[in-house]
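For clarity, chains are labelled A, B, C, D, E and F in written order, and residue numbers in each chain start from 1.
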Amino acid sequence: MTTFDINQYRITEEPFYQAQVNEVALYEAAYAARLPVMLKGPTGCGKSRFVEHMAWKLGKPLITVACNEDMTASDLVGRYLLDANGTRWIDGPLTLAARYGAICYLDEVVEARQDTTVVIHPLTDHRRNLPLDKKGELVTAHPDFQLVISYNPGYQSLMKDLKQSTKQRFAAMEFDYASADVEAGIVEKETGVDAGLAAQLVRIAVTARNLKGHGLDEGISTRLLVYAATLIKQGIPAADACRMALVRPITDDADIRDTLDHAIDAIFG
Amino acid sequence: MTTFDINQYRITEEPFYQAQVNEVALYEAAYAARLPVMLKGPTGCGKSRFVEHMAWKLGKPLITVACNEDMTASDLVGRYLLDANGTRWIDGPLTLAARYGAICYLDEVVEARQDTTVVIHPLTDHRRNLPLDKKGELVTAHPDFQLVISYNPGYQSLMKDLKQSTKQRFAAMEFDYASADVEAGIVEKETGVDAGLAAQLVRIAVTARNLKGHGLDEGISTRLLVYAATLIKQGIPAADACRMALVRPITDDADIRDTLDHAIDAIFG
Amino acid sequence: MTTFDINQYRITEEPFYQAQVNEVALYEAAYAARLPVMLKGPTGCGKSRFVEHMAWKLGKPLITVACNEDMTASDLVGRYLLDANGTRWIDGPLTLAARYGAICYLDEVVEARQDTTVVIHPLTDHRRNLPLDKKGELVTAHPDFQLVISYNPGYQSLMKDLKQSTKQRFAAMEFDYASADVEAGIVEKETGVDAGLAAQLVRIAVTARNLKGHGLDEGISTRLLVYAATLIKQGIPAADACRMALVRPITDDADIRDTLDHAIDAIFG
Amino acid sequence: MTTFDINQYRITEEPFYQAQVNEVALYEAAYAARLPVMLKGPTGCGKSRFVEHMAWKLGKPLITVACNEDMTASDLVGRYLLDANGTRWIDGPLTLAARYGAICYLDEVVEARQDTTVVIHPLTDHRRNLPLDKKGELVTAHPDFQLVISYNPGYQSLMKDLKQSTKQRFAAMEFDYASADVEAGIVEKETGVDAGLAAQLVRIAVTARNLKGHGLDEGISTRLLVYAATLIKQGIPAADACRMALVRPITDDADIRDTLDHAIDAIFG
Amino acid sequence: MTTFDINQYRITEEPFYQAQVNEVALYEAAYAARLPVMLKGPTGCGKSRFVEHMAWKLGKPLITVACNEDMTASDLVGRYLLDANGTRWIDGPLTLAARYGAICYLDEVVEARQDTTVVIHPLTDHRRNLPLDKKGELVTAHPDFQLVISYNPGYQSLMKDLKQSTKQRFAAMEFDYASADVEAGIVEKETGVDAGLAAQLVRIAVTARNLKGHGLDEGISTRLLVYAATLIKQGIPAADACRMALVRPITDDADIRDTLDHAIDAIFG
Amino acid sequence: MTTFDINQYRITEEPFYQAQVNEVALYEAAYAARLPVMLKGPTGCGKSRFVEHMAWKLGKPLITVACNEDMTASDLVGRYLLDANGTRWIDGPLTLAARYGAICYLDEVVEARQDTTVVIHPLTDHRRNLPLDKKGELVTAHPDFQLVISYNPGYQSLMKDLKQSTKQRFAAMEFDYASADVEAGIVEKETGVDAGLAAQLVRIAVTARNLKGHGLDEGISTRLLVYAATLIKQGIPAADACRMALVRPITDDADIRDTLDHAIDAIFG
């Protein structure tokens, strides 16, 4: 830990990402001006995959932090640890990214406490610095540094939302589930199932997504389609695989479960 | 503690498990693809026993964590401890499992705080890694590592549920109490009582399970049937043993208690 | 503290206990199979005395922990302390009991936070072990180890109750106040007052217990009767002793106080 | 601090205390049997003074702890402190009293959190010991040790009350304000004012005490009468002294203040 | 920090204070008897200035503590700090005042948590000592020590008030804004503006104070008048100075702001 | 960190600031008298930019602290850290500013806990000092020190507001968005777009600001206009840039989003 190696955060293999509209160009323009970027969209629609793809494309290291309500500013910025020679400062992931020039991706930032979101302010305006108050150091961001956050608008409650003074520091991009064709292509490519099966799985997902707000909090993500196809490739009958990967994880409600099971039987029965 | 021995977490004797349908095949397929698995079902229906059985069958170490609302991400991931030479990092159970290739079983994960559930995200997607932010290390999961969680759908309240972005990372399997024949067989095998007595005990359990939602929060688990049979083997009269093992633990309500006592008297009186 | 002596927890003199029905046989059977036991009953009816008596009778050490809402899992399991040579692990009372083969009695366990109650789970099923996550050790319970908990059903609120997954790990025994004759015998034996006075005191207690739920949260315990008899033996007039030991401690309500004072005057006036 | 001197807690001068009924005899009988004692009564009626007087009379050291809602069990029992040679255990006031044979007086115990009140349980029954769980020591109480608690019944809310299992460990004594003659005698003796002035001050107090529950939470305590007399002895006009010592401290309500000011003017105007 | 110098807390220059009635004599009498004193009154009416003036007049050091809801008893009493040779005790401000004979002024004591207010009890009765439980020391107060608290009755809510058992330990003095003449004199003396301007500023303050309870929580304090006069002396037009110093700080309400702005224009327009 | 260099907080290049009325003169007068200043106004209207400009103009260092609800008094004042030779005191940003003569800017101070806001009191009255209670030091402020706070009146809820005793320590200045001409000039100057495009962007902002309180919490800040112009300079079509920079960051509401998108199309479509 005496020397920190930012290269462990470089992405060496191209992450598969199927572009949908102009999102790559928009992100590249934002990165060129080092504008902070907010990625908005439902669970599992590919926001995290997109930022990994862009980090790979731009050749920059990516430091991802899964935010949560127990995370403190110190978890992002760093803290003193006790050492044989007294205390030693350990940079947190945000400080590492700022100091060494990574893209810092705060996933589901709205889950974090306010001190986390406030701590990013000076990195997101003309100052581009990060005061480490406890260390008495003012870190000037590396020219390559950029801040990216994600959030899921459907999740926010009255109690939990980003402050306006935080939101107004970001350019924002909206994401949604891929189109049926694109999504089937992803399932095929990731699992090796044939096009017909992939299309059948996507049809089940479309059914479930129409139930969102009518008993389902979220639709079936592309990841779960990949799970189902994977189980089928392992030899599990398609209907069993779909029940296990597409239905049981997302609902405890007997009616919703039966509706989805019928949809599966109609396709694979 | 200088060298950690993962072998202490290997299961050397076959845990008794009576398969019911295709759950063993489903789990084996999920493990083959290292899909994260969620086990759903009521208290005492055998979820923990199943995962122990599968760990034994697959020959993998099993690290079990009983989740609770006071558990923090550090309890899972690890923390620094003060040593004669300063601080020393101690891997938590999740990190041990990821590093040394165990199945990590988070029992009743919904009880934990959000930071616990969010911390498992990077281990449950294509990344299969675990960032130890406080240590500045990115642990890549061992090829044998798999994550399993359990949860009891009847328990969840509006305040406590898994986030959709967590649920959508798991393939899910539903469990329920064993059929009467299977359950009587378990009681016989575990305690050595004869088949007739085992069947009588199961009949009491079936009565109690029908009261679930009508004054009882949960039915009588197979474990309590084993307790009752054990007490009878120790020489306690059957009705006394049933009152002590099957009724007093699960209810403080006088009406429910009398109903169950009458059912016992009808069978053993 | 370098060597822990479990013998300090042995009970060398027989604690007085007046058996009422078959509770000694039931407990012995449960201990023989090492079943975890739950003692249920109102305040001061003798649950703690019973477990002490049984520990003495079985010749096992007894480690008692008075649970409370501020108790953490670490208070039970143990923690690291800083030493001249760095940190040193100190076993908590539950770990001591498991390691050295004591009966561990968690008094009023429902008062504790959930992490306390969850931590006992692996000690109460077929595993009979206790994972010390912070120490990386898996303690296998000593063959003599048994877990006993007490709780007072009248106390539980909607907010505070044992989880079903905890309750279903115990065989349960119900306790209540002793019969009038038995109780008078206890007062006589413990204080040396004559049988007539003991009976008079018990009559006051019976009056108060009938007020339970009608202005009194709990009745007068046997312990308070012993207090009253003790004060009388010290030369305090019986009515004054009863007011001081039986009435003032249990109520602040003027009407209830007057009712009980009149009952005392009717008997001793 | 290497050697603890219990003698600093001995009371060398007789604290003035004017006995009212048989409270000294009752306390002596309770102490003779080492019964735990609860002192009940309104603010400022002399409970603390009484226990000091009894400690002096019995020739025992007195350790007083002012309880509060932020007090933890460790504040009573003790804790480890870091030393040049590692950690060193420091006994808390309750442990000191138990170990060295003092009367331990927990003032307003109901303010403390539950872990404080539960920690005294084993010291208040036949065990008379105190387990120091963190130290692994079981302190047997010194033969002179006694526990005394105070509480003010008018203060308790639904949220804050002693548990029945705590209350039933104490013999209880009720206190109230002294009679007018006794109280005037106290004011005379403590301040040196003449009997007439003392009687006038007491008349104001009686007026205020009649307002208790009608706009005043508590009446004027004897201590405030002593304050007023003291200010008068310093040359402050009687009416000004009474406003400053008897009225302004206890009310912010303009109507109550005027009522009391008029009572003062009627007597001293 | 090896030797503490109480003299840094002496007030070497006379703080300006304009006496209004007999408050200096009352305080001197209370100090002569070392009675604890409570200063009551609205924000900015001169309570803090008064206690500074009295400390200067009596030639005693003054230790002021601004209380707040996050302050703990340790913040007042002291704590152990880790040193090269282990832990070292650091007296808190209350302990310093008691030990070295200062007046200790707890400003807005009602903001503090209960443990703060309870900790002062033994210093405010005949004991005049302060138990340092964590250090095992009983500090006897220096003969010069006195405790003074302030509080603003208009602020107290149902949730936040001093306990009666705390209030009844103090003699109390009420403060209010100075009369118009006195206040104008203060503004003149502190800023050097002429009498006419000072009187005009006071007229605006009087207007605002009449709005208290009708849209304003508090009136304009003398301090803000001094600010306005200071800005005018710096060359700012009077109306602009008044808007900046008298109106914008105390209200965000457009109607109240306009009302006050009109009052300013009527006087300076 | 052995020697602290205040010069790192000097602003070496003139921050662009377009004065609107007399705010520079008002601030200069307040600074000349070292009056504490409160800057009021909506998010993104230029408060932080203004204080940076003034610090540059006055040639004083500026220490900015982004306040948040998890910030403690110690975060501002300082704390002890463990060192090879024991503990070492580290000044917090407020202490540094007071000691070395910087302007200390507490951004969004109302977010902080009360102990933060109370800790500034002695620095904001005639005392101009800062007691470091834990260190036993009384820091006298450097003659150049000044305290500035910002707050956004539209944000305050009933639960979160500055205490009157804090507000009345500041002279206050109100800020609002720049006029259309001034704002267009800022966009031109900061991004190099032509005047026509800048004016078009400002027209969109004016539309959005009229929706404040009718579905939008805040209007579009000047910063977001600069973002939009920057993206356009990078080659992104104007309508796409506006959607990304002006609309998506500030609203999740479909109706508001469509209204703003139509406004964009009307101008750029």
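We adopt the following convention: contacts are C-beta pairs under 8 Å (C-beta built on N, C-alpha and C of every residue); 3 or more make two chains touch, one makes a residue touch a chain.
Quick caveat: nothing in here was measured; it's all calculated off a predicted structure.
Hopping across touching chains, the smallest step count from chain B to chain E is 3. Taking each chain's centre as the mean of its C-alpha atoms, the one that lies farthest from the centre of chain F is C.
Taking the mean of the C-alpha atoms as each chain's centre, chain A and chain F sit 30 Å apart.
The centroid of the Cα atoms in chain A and the matching centroid in chain D are 60 Å apart.
The multi-chain contact residues of chain D, meaning those touching 2 or more other chains, are 82, 85. Shown here, the protein chains touch around one cycle, each chain meeting exactly two partners. Residues of chain E touching chain F in their complex: 1, 4, 8-9, 15, 43-44, 48, 64-71, 75, 79, 81-85, 88, 90-93, 96, 107-108, 111, 152, 217-218, 220-221, 223-224, 227, 230-231, 233-236, 240, 244-245, 247-250, 252.
In the complex of the two chains, the chain C residues touching chain B come out as 22, 25-26, 29-30, 32-33, 35, 38, 40, 72-73, 80, 82, 85-87, 113-115, 118-119, 121-122, 125-126, 131, 133-138, 153, 156, 164-165, 167-174.
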